[in-house]
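Shared chain: chain A. Partners: chain B in the first complex, chain C in the second.
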Partner chain A sequence: MAREWKDLAEFEAFLDDGGIVEVDDDMPDEYRNAVFTFIEMHANSEYMGGLTERDWIPKTPGLRHKMSVLAKTQDEIGHGHLLYMVAADMGVKTRTEMLEDLMAGKSRFHNVFHYKAETWGDQVAIAFLVDAAALASQQAVFKNCSYGPYRRILKRIISEEGFHMRLGEDRMMRIAQGTDTQKEIFQGALDRWFWPALQLFGPDSKPNDVLLKWHIKSERNEVLRDKWVQKFVPMLQSYGFTVPAPDLTYDEETKKWDVGPIDWEPLKKTLAQGGPDSARRIGEARSNWERTAWARQALEASTS
Partner chain B sequence: MATYEVFLKKDGKDEFRHAGALDAANDELALVMARESYIRRAEGNKVWIVNRENLIVGDDDFVGPNADKPHRHHDGSAVAARRKAIRESDS
Partner chain C sequence: MSLPNEALREFLLAFADDEHLMGQQHTEWIGVAPFLEEDLALASIGQDELGHAVMLYELVCELDGVEPTDEAIDALAYGRGADEYRSCRLVEFATVDWAEALARHWIYDMVEGRRWSFLEDSSYQPLADAAVRASREESYHRRHAEALVNGLLNDPMAQQRLAAAFASLMPMIGGLCASGPWEADIVEAGIASAPTAAIVPELSRFITERFGVELPAGFMAKPDPQTNNDRTQRSEDFAPLMARMREVLDLDLTAQW
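Then we have the complex of A and B:
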């Protein structure tokens, strides 16, 4: 029999006490919907990220890199699959409904997958900067997540994202040791991807953010973003690249980097599916979904 | 389509553990999906999958009473206190 709580206050006291919610618990609708939407967005982002990665399989330089891109594509699609499973079990939407909403532009995915990856340098920047930002957000959820099934599946996702990040830094190290042209290509990619990666954390958390209150997120957006800045600004500089922040300053006293004011307009546009590459990406995903309908139909027909 | 629960066992001394779930058209494809989604980097060397419809699940109320049987445990505190008293009188 499912556990139940007499009201939201009693449920919140349970969460504050470190309680872990399971799928068959009679959780309040507000919590169910908020957690579901969060997991759905994560699932969509893994899926859209996997499709981006896939685009680069034929264009990846060298067999070794190509094999790792294949593996990463499979990892990302796999993460989407695991997360859609956890989300579908919450009983808000089925997996098919979630995918159809994604293809119809009705549900969200991370801002970074609304931009175009122009060169191999962009793929390196994505694997390094974006995966690191995504990993940091996921770790902050994993740390203290009150929804048990999500927390358990995050454990394996995080371990695989760790591979991706190390792969990203390895690629960046190689490009940083390459020819002047290679360095220029990466600097161009960095100029395009630094801000979207930083914006992945979102604007400062609102005081009444239910995801913090209900112990889904364990850290405020601005804290995670600042940690990322403190780590990646000096690291990019140590590889000889320029951080594309004109107002970048370093405070000798606090030993901290400050990237200056952040323009949140680009993020808002991506959330409304109006990013520079949103239409093409959603269209690609949709045509891919339609082209593979026969496989799903064949599987349905063969169901034993 | 059916939903399957996936269990993995890593090596001889560990027990099978629940890893997650997946949707698949049949048992054979479910095994392939389990390998490709859950056992990508030697997370286990044994796998069980169970069609969710075949799981027999005990209610919390059925399992619950066993958490309230202190006579099944013993904390050994009285014996420990005696040993401590002897150690202290010896020193």
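Then we have the complex of A and C:
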């Protein structure tokens, strides 16, 4: 049965008490819109991530290897599919409206998918570095998420993303033990993807971040980002790669790595759809969408 | 009974190459199909077709006395000269038209399902085992293609697009169904219960029923000019397709990715 709260203060007390909101509840509009926008961006990112990777799927080196890469992309688009359903159920926009907004450049997706995968090494770097960053963010949301339908879907997504990260790690290790050409290609990819992957966590959380206040996120951005740095900097170095951070330092006392100052301008550009590959990525998605409109219209007409 | 090894190798390669290149063509549509459910279906069907190719290449390895490692499979999948492939033109054909891609999926899976069914009681047990597994998956592929085509045929504009797609693919159907010169020995040895061409009457009937298109009488005898319906000749789309598949492999022939 739908629940109601007399005002925002009562609703927030419910959330602070560990309450879980369900789709039929009469949630405050501020909460509904914030959660919807967050899930829509997650859905868009899964879908655009699939498009970023698709540039290289047909070129995957190896037949069995290609099958696992296809399985990964199927998962990513499947996550988008599930997330669009969860978002659409909130009654703010339909799935078609969300996709049309995405194709029109009106809604956001993660910064990393505004970059082009230039080589096969980029494909591996995405599976390894980016999927790990996305997984860490999702785990932090899942831990304490107050919106029930999203939390339940995240459980499945997280288990599949774990496999993807391991696939990326396995491929990175092969390259690390491989030929000079392979190592050179992956180092080039690392130079391109290290900073965008790190920036995926976003700048330090603001004190009044409603996503934290309403228990959508459970960790501050800077905490998640730091955990990622502490894990990946030594790992990449141990495999013989150079972390592309000129101001990288290691504090013997705290036993922690510091990548130095972070330039947030590239992230800001992606948020305004002005990343290095934003125009091509969105433009291609839109022209593909338009080219196949006849099939959608025909099937809609035949089922209505 | 001894196996006709040379004919069997050609027969396995013809089917494996078709499965491999059909799976490859499906990968091109992931993320750009008309709707998300279709992206998902093609990712899944593409994996199945590549998986069938792997099973068949494994059997070729066995005949060659080679362990079916990733490298041995890839040597067969990517490492032969163009004249050593046995694919038909339909699976080599490059298209960016969704109607053609769907019509090809429908035709290919209709024929593929029958090809596997001819092998379910094969005298060559490893092939019979592979056929049982593949046939299970194929019934889903056919249902998927049928449901989409049936839905689209309710719309007059979509019907026109599909009819046009069929017209452009028509010259390639003969090559898909043509029995290679090795098939007489294969049927004789009980490896397949019928030659591939045995599908033609049934396929013609299905195409006429679904699309109102009559396959011209004797169309099998009028070979496609690019390949002569002969699986030993490649079409013009093969070289760019192979170059695309080999792009990363060619960066360093000694690398393992």
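To be clear about the criterion, the second predicted complex is superposed on the first by the 300 of 304 C-alpha atoms of A that agree within 3 Å, B and C clash if a C-alpha of one lies under 4 Å from a C-alpha of the other, contacts with A are read in each partner's own complex, and residues count from 1 in each chain.
Operating definition for what follows: a residue touches a chain if its C-beta (ideal position, glycine included) is under 8 Å from a C-beta of that chain, and two chains touch if they have at least 3 such contacts.
It should be emphasised that the depicted structure is a prediction, and the values quoted were computed from it without experimental measurement.
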Clash-or-fit label for the pair chain B, chain C on chain A: fit
Chain B versus chain C as contact partner of A:Gly50, first or second or both or neither: second
Contacts of A:Asp89 with chain B and chain C, given as first, second, both or neither: first
Partner chain in contact with A:Arg3 - chain B first, chain C second, else both or neither: first
Touched partner set for A:Ser302, first chain B, second chain C, both or neither: both
Contacts of A:Lys268 with chain B and chain C, given as first, second, both or neither: neither
Partner chain(s) touched by A:Lys213 [first = chain B, second = chain C, both, neither]: neither
Per-residue contact with chain A, leading partner among chain C and chain B: C
Chain B versus chain C as contact partner of A:Glu160, first or second or both or neither: first
Arrangement angle, chain B at one end, chain C at the other, chain A at the vertex (C-alpha, nearest 10°): 80
First (chain B), second (chain C), both or neither touched by A:Gly78: both
First (chain B), second (chain C), both or neither touched by A:Arg152: first
Minimal inter-chain CA distance - chain C and chain B, angstrom: 6
Shared chain A surface residues [contacts with chain B and with chain C]: 74, 78, 81, 299, 302-303
Interfacial residue positions of chain A with respect to chain B in the complex: 1-3, 74-75, 78, 81-82, 85-86, 89, 95, 152-153, 156, 160, 163, 299-300, 302-304
Parts of chain A lying in touch with chain C, wherever the complex brings them together: 47, 50-51, 54, 56-67, 70-71, 73-74, 77-78, 80-81, 84, 120, 171, 174-175, 178-179, 181-182, 185, 288, 291-299, 301-303
Interface residues, chain B side, partner chain A - complex: 1-3, 19-27, 29, 36-38, 40-41, 43, 59-61
Contact set on chain C toward chain A in their complex: 20, 24, 27-28, 30-37, 39-40, 43-44, 46-47, 50-51, 53-54, 57, 70, 73-74, 77-78, 98-99, 102, 148, 151-152, 154-155, 157-158, 161, 244-245, 247-249, 251-252, 254-257
